[in-house]
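Look at the two complexes coming up: subunit A is in both, with subunit B in one and subunit C in the other.
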Partner chain A sequence: MGVTSRFRFIGKRVPRRDGVLKVTGAAKFAYDIEIPGMLYGRIFKSPYAHAIVDRIDKSEAERLGAVVITYEDVPKVLFNTRLVSVDEATYKDWEVLTKHPKYVGEPIAAVAARSEEVAQRALEALRVEFKEVFKPVLDPFEAMDPAAPKIHRKIVLANRWVDVVNNVGATLEYSEGDVDKAFRDADVVIERRFKTNRRYHLQLEPKVAVCKPEVGGSITVWTTTQSLHNTRILISQVFGIPMSKVNVVKTFLGGAFGSSIHTNLVTLIAVALCLKARRPVKIALTREDDILHDHVSYQMHFRIKAGARRDGRLVAGEFENVMDIGAHQIQAYPLLGTALGWFVSLYKWGSIRYVGKAVYTNKVPTCAFRGYGNPQVTWAVETVIDEVAEELNMDPLDFRLKNYRGLGDIFWGQGPTVKTVIKSDGVPELMRKGAELIGWYRRPKPWEQRGRFRRGIGLARGFHTSGAGGPISGEVIDYTGAILKVNEDGSIDYVTALQDHGGGTLDAHVKIIAEELGVPPEKINVVWSDTFTTVYDVCTHASRGVYVGGEGARRAAAKVKERILEYASRLLPKVVNPEALKMEYDEELDDVVIYVEGMPGEKVTLSEVARTAWQRNWGSISASVSYRATAAPPSFTVYFVEVEVDTETGIVRPVKVVAGADLGTVINPDLAAGQIHGGFAQGWSMAVLEDVVYDPESGEPLNKGLITDYKVPMAPDLPALDNFTVIFASTYEPTGPFGAKGIGEAAANPVAAAVANAIANALGIRFYELPITPEKVLEAIKERRG
Partner chain B sequence: MASRVRPSPINTMNTHIIPVRFEYFAPKTLNEAVDLLSRFRGRAKVLAGGTDLVVQMKVGRVRPEYVVSIRWLRELDFIDTREDGLHIGALTKLRRIEKSDVIRRGFIALYEAAKAMGGVQVRCMGTVGGNLCNASPAADTAPPLMVYEARVKAVSTRGEREIPITKFFKGPGKSALEPDEILTEVMIPYQPANTGSAFLKVARTSMDLAKVNVAAAINVREGVVRWARIALGAVAPTPIRALKAEAYLAGKELGEDVIARAAEIAASETRPITDVRSTAWYRREVSKVLVKDALRIAYGRAVRG
Partner chain C sequence: MRVRFKLNGEPVEVDVEPNELLINVLRERFGLTGTKYACGIGECGACTVLLDGEPVLSCLTLAADVDGHEVVTVEGLAKSGELTPVQRAFIEEGAVQCGYCIPGFVIMAESLLRENPEPTEAEIRDYIRGNLCRCTGYVNIVKAVKRASKYFKLAPPGS
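Moving on to the complex of A and B:
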């Protein structure tokens, strides 16, 4: 890592700041919030996938001492729980509580009582009568049939009603160039259909909300969210409370993976109960609640057609994307654009044509899941790319290098409205090193293998955007904010609304501030903040925490630095221009020294400056910054995965992984590598294991919400650490803080594709439906044997 | 388009608490325990490690009026080598079985089964008696005990009786125990010299209920199988012995073709279903593979001693 070695703090291995807190249980999560007199809430969920409620008798529940709310007690407004897109791109179709539930588990009523036991008894005492129960529509293609039951009739876009036709919630079409001609001129054309799985996020922490009424009509909210400020805005909009009376307080977050980019419904229900009860209310979902009815990934059905010339150049790409979004829109419409962005940005297709449809079904509403559609698109595209290369008789690695979008090309971070020119690109380096480490050129040929156990090596390449900023304002809201104060002793308070999901994002910010000022990380305090005391940050998502948030922090530090140097120059009268001053940490003094290069006498410490500014009434050294990134550069990842397939059981085992990541400057190598290990685990799980399968009659998940029947890999199911190599590209992103880009999602995006390509290399069989379970593998092997 | 779908029990499930009202007893002696069971005949559940019962109660699938915890009956927690065989108390934790040298040396299939169950935390709570009494078709300790021809002891106020493990399982969640009986111990006869055994399991992950599990035990003399025993789990309403395959193997030399034929026969004795964990077809196919592998390993252990 030659590039990072010139840094004092960045790139160094340091212990996690919150490590001890988490290991000892001292870290407070939303579930740990206890308030005297607090009530415990439970939600009455629809037992049917699609029904209309006739009436609710709540008298028995109220006799038990419970506060009860139904759809009659909540504001009659439709909303979208996610506020990351601008109003004109936000479809609203959801209510806090509904009379017309559209999936098993949709909230109809809620109770709050002095204990979880009483709340549960009150919940069971509610008498809810349904006047109609419809057969659920569970398949998006059946849902588009004009004869299918209508899930929504009218929804709101911005502030207009729009009709929903044939359960299609949103569409997007796009084309560039003469696609038909390009396909006619192509020497090789491959066309495939794909079906992805429906994955539950399985974040460690199930969703929780605590709402407390305050004197004067304010409320305080603690909840599992990726965005403090958007949670506040939504509560304000839905309940008509001014934002100055809604305070959302930061808590530790036990992971989210995209499941709390939107405000989870539990938050709004807790607010509604709190307003009715005039008492603090906590609602904590059980793991089963969380699995059964809270969130799940987008399930996508693709048709991809790719055309290439004999010389190995792609000339045409066609992409059809039918998304099974469940019963409500969270970010379905933006995903139609972003999925196209992922497709377009993977390769230089020449001409392209795209049709995307977001289709309602009577299932749990879908939301972003680490990669926001990118792992799905990359799996399908990287499968087709492998097949085109095989057809052309080209090495898949060379074919990728020839056609991928890299340095100097245009990159569509988050769809057609967020475009960036690529300024850093580690792909060639990662490809070369990875190929060497895995033994790419000695990989097996499927037709030469005999025996029960077959080996295969797969390659896939991908990327993710770093944030959703850009030179112009598109459909996505993306800016951050930071407040930095130099205290009167020279230590630092850093105030930010940006959430750290557990990945160590704020540790990175601290290092960035430390690097900018020379103040060691131990002297920088990350203030436990809330929406009252921070400036707006949109959300920790889109791998923007370090790239956007970190640059916001750096800019606040740079502003503060200007003031420090100005004050320092008052103490160093010979200095005429403060810009001549440098700041550097001096270990012996344990202080920052502000000095003139080459003039050892001309120096003052930061603590002296801070103290003097206080004592002589110069005023505080502080800065408040609101920052919008001018780009959303891609972080590239290249995965080489070796697998072993047991041809008698169909079981696929990971043997070896070489994961290459181009995240620009690596701020914290251990945490970055941790993201890559975690990304592999989730990608592997997507490839071979996970799916939420629904009962075709009832529309309820067959796992009944039980984790017993929603499996993810355990440590023994993953490669031993010795067989997992992480390599970082030596790149520098000129628009990022000290050259850094994102990593969270890029770490996961190409994994399923690499695994699928490895299985194909082992068996000579390709699979077009995820997950690639042992059942499917064995069936395919038997079928081929005939 | 009306539908006659049954409502989901979604609102009666709350795993933060046990959303079921029950009366709890913690007897100090076996006599007290069986007295209680006799008094509450059929309306009580016995609580041992709780890894099955508490989960079932939390999700509302089991709603006993009375819960009789036997966790204080320390006399049921033992691994004893006696003249007639190995005796394991019903309250013995799976983790203790996994860590027992006697079991690993003499009854390796049981060791392999215990090690394959849940995570360490679950094995530190779950008991062998509980695993059997839960009577899951996928119970991992069942196939090894079946190939070792173990017997279990059941005690009630009416006295005690022994039940061969092969007669213990009656259906999913149903055992041969009467409602007033407590399973107190498992007795495993010592295996004769030149016997080898093995347990294998296929599941979705390394911490999971079995899609299929198999145990095999073989006794070999001069290269010829004197007897073989094969048991399979999760492929029928109860764990089963593959008696036809066993009969086929007796007296044969164990070549690859014999192993393959035995596996085919064993698979034909299964009656698997399709559920959320796997398909009937896959379970039958993989039964063959596991039977073959288990026979090979057991044979190797028999001839190597």
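Moving on to the complex of A and C:
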């Protein structure tokens, strides 16, 4: 960790700022917001996977004193709940409430009443009659059959209608080089089909929204969101309220993992109820509501074909990606490009060919889930890569090192429109150290193992982008904003709309500002903000919080620093150029000293400068910055996982994990490790546990909202402390703030792949469908025994 | 019906419906929103409180049943602003991420260490097995309980 040692604050363990609020129960989440006199809302969800409502009788519900809205009371516009893409790349097929529900759970009407009990009774008093009920289409390949029922006939792209043909919502094709020739020239060709699971985020805080009408026609909104500003813009667009009258206030967010990049539908429904009732309204989803509401992971079906030469070089890659997106588009279209980006940027394939299709089904709409398709793609690619290496008789580690995209190579993780050159790469270091720590070269041979319990070690490598910026504008909006003020006593206020989901993003920003100015973190106040008082930040997603947001904060600090030094030079008349001045924290004075190096007499403190600027009417020391990153560099992760398979029960247990991460400069070491711990748990769970299962007849999820039905790992299910090692690469990303890159998603992306490769090492059997459940394991063992 | 009980050390009285749940009474009547709703059916542990010193799930407990008893929520642990060893350890080990599940874990850790001041790692994992965290993979939470156990050894609660 030699690189970070030259920093004063970065890389040091500092207790997180919101820790006290969170361990004492004082932290206010959106679920905790209560407004005096507010009404409680409930949503009427479609009981059918695909139907058309005939009429709704709301008289009885209204007699109970409830405010009722149906699809007739909301604006007749189609929109996309996610605004991260530019308008020309945004497919719109959502309504606030619909007459034509397309999945079990889609909102049709909503009620608000003075208590949850009355609201629930009013909900039950709604008489909703359906005109038609269609057989649900649940499989994307069946959906593409011309004979299948049409889920959408027309949707809107930007501002024009487009026809939906065979339930395909969007497509993307791409190729480079002569793929057919490359495959003909290859010595080894492996072709496999894969199916990933449909994972529910199971963020601990169910989706919730509170909307309060203000004097003068403004509204204030508190909700579970990863983007304050996009929530505001969408409310403004859907309801035709000027943005200056919509204020979205930050609250703590009880987990999201991608499920609130889009504005959850509950937010718009709460606004609609509030506008009708002219009273504050809160809708807090129950767990059962939440799993049916508007978020699960993209379920992807792949065909991957890889070709390599005897010398161990990949020469061709073919990738077919059919995404089962559920009933609406959130970021399905951009994912077609990004999934290709994940594929292409993993390895130097030589020639490539890609077909991607986003297909509608009558299921809960899909959205990003920690990695935005990357864990799915990486699992499939890393499986194929292992198989190619085996076929070539090469060590899978060596094969990866020979073929991966690393330092100096072209990288286009965010899709074909934005290409950059990789400038930092810790993969070789992480591979070497990880292999040593796990005992890679002593791993068992599957065919040599006997007995009930079989062990295996798997390796997988992956990456995620740091943000979605780039040198040209492209189809994705990605910029951030920061406001920094030096107060009249020299303390600092930092104002940002950027959400911290709990990873410690804003703690990292504070350290970055502290490092730039020499002001200790405890003198920097993160202002609890809202959309009225901040400049635009797109969203906390794409592992951009530290890399983009942190650099925005650093630039604001650098601007403020210029002004501080200029003011300081007025107090130090011998100094002719403020650039000669340095800033450094003096513990004894508990103040930042501004001085000339080598001239101990020439100094002034920051608090003196701040006070003087105020008393002599020089004006405030402040800066407002809007920042767009010119790159989206990859953070690399390398996972070595050892598992034990019980061949009698089929249960797979994690034995040991060595997780290597190249996130550039590590700003919060314990919180960065926390991202990796959590990333492993989610990836493990993706590999062996999670899947939302739908009833094939009704299209209703069978494990809806009950945690015992939808298993995720609990504390005893994961490796002991001594068996979980995290290593950080000693890299420095020249485009990041003090050398930093992202980590949130890279921490999870290769986990499922490493687990699957470990199972293959234990059993000599590969699985092409997730999750790898005990039933599948037992069946495969039985099948092999014949 | 009228219910009288001790809440975070103070005697309180409140009128509740016979079917009213403790979690709702704590959150809505007393504004103690540190007790979290996440599943509502006793499967995630986020709503755990201490009832006469024993951890219970407030989403499965009738408010009427706490009549004459003592309830401690996460807000009642730190006395006059001083964090308990468990709370300190959770912050120091980076065990807190989004924080939504944390009140439940803090309550469980307090309860565990009162029962068993020097738990092994396996005992810690087993004790918190009913508490769901989606952020941390439990690693730093387990570390925090271990660290808190050292603090307990140095200064047992009530000493």
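Everything that follows uses one rule, which is that the second predicted complex is superposed on the first by the 785 of 786 C-alpha atoms of A that agree within 3 Å, B and C clash if a C-alpha of one lies under 4 Å from a C-alpha of the other, contacts with A are read in each partner's own complex, and residues count from 1 in each chain.
The rule is short, and it goes like this: a residue touches a chain if its C-beta (ideal position, glycine included) is under 8 Å from a C-beta of that chain, and two chains touch if they have at least 3 such contacts.
Because the structure is a prediction, the values reported are computed rather than measured.
Asker: Kindly classify A:T708 by the partners it touches after superposition: subunit B alone (first), subunit C alone (second), both, or neither?
Answerer: Once the two structures are laid over each other on A, A:T708 reaches both partners.
Asker: After the superposition on A, what does A:R287 contact: first (subunit B), second (subunit C), both or neither?
Answerer: both
Asker: Scan A:L589 for contacts with subunit B and subunit C and give back first, second, both or neither.
Answerer: neither
Asker: Please indicate which partner A:E34 is in contact with in the superposed arrangement: first for subunit B, second for subunit C, both, or neither.
Answerer: In the superposition, A:E34 touches subunit C alone.
Asker: Considering only touches as defined above, state whether A:P716 meets subunit B (first), subunit C (second), both or neither.
Answerer: Touch status of A:P716: both partners.
Asker: Once chain A of both complexes is superposed, is A:G25 in touch with subunit B (first), subunit C (second), both, or neither?
Answerer: Touch partner of A:G25: subunit C, not subunit B.
Asker: Just checking: does A:V165 make contact with subunit B only, subunit C only, both, or neither of them? Give me first, second, both or neither.
Answerer: Neither partner.
Asker: After lining up the shared chain so the two structures overlap, which partner does A:L253 touch, if you call subunit B first and subunit C second: first, second, both or neither?
Answerer: second
Asker: Quick check on my understanding: which residues of subunit A belong to both its subunit B contact set and its subunit C contact set?
Answerer: 284, 286-287, 705-706, 708, 712-714, 716
Asker: Per the contact definition, I'd like the list of subunit B residues that touch subunit A in the complex.
Answerer: Residues of subunit B touching subunit A: 1-3, 5-17, 19, 55, 59, 119, 202, 204-209, 276-279, 281-282, 285-286, 289.
Asker: Within the complex, which stretch of subunit C touches subunit A?
Answerer: Of all residues in subunit C, those touching subunit A are 27-28, 31-41, 43-44, 46, 73-75, 77-78, 83, 86-87, 90-94, 96-103, 106, 121-122, 124-126, 128-143.
Asker: Hey, which residues of subunit A end up touching subunit C in the complex?
Answerer: 13, 15-16, 18-29, 31-32, 34, 201-206, 252-255, 257, 284, 286-287, 501-504, 668, 670-671, 673-674, 677-682, 705-708, 712-716, 718, 720-721, 724
Asker: Please name which positions on subunit A make contact with subunit B in the complex.
Answerer: Those in contact with subunit B are residues 42, 44-49, 104-105, 116-117, 120, 123-124, 132-136, 149, 284, 286-288, 292-293, 648-651, 689, 693, 697-700, 702-706, 708-709, 711-714, 716-717, 774-775, 778-779, 782.
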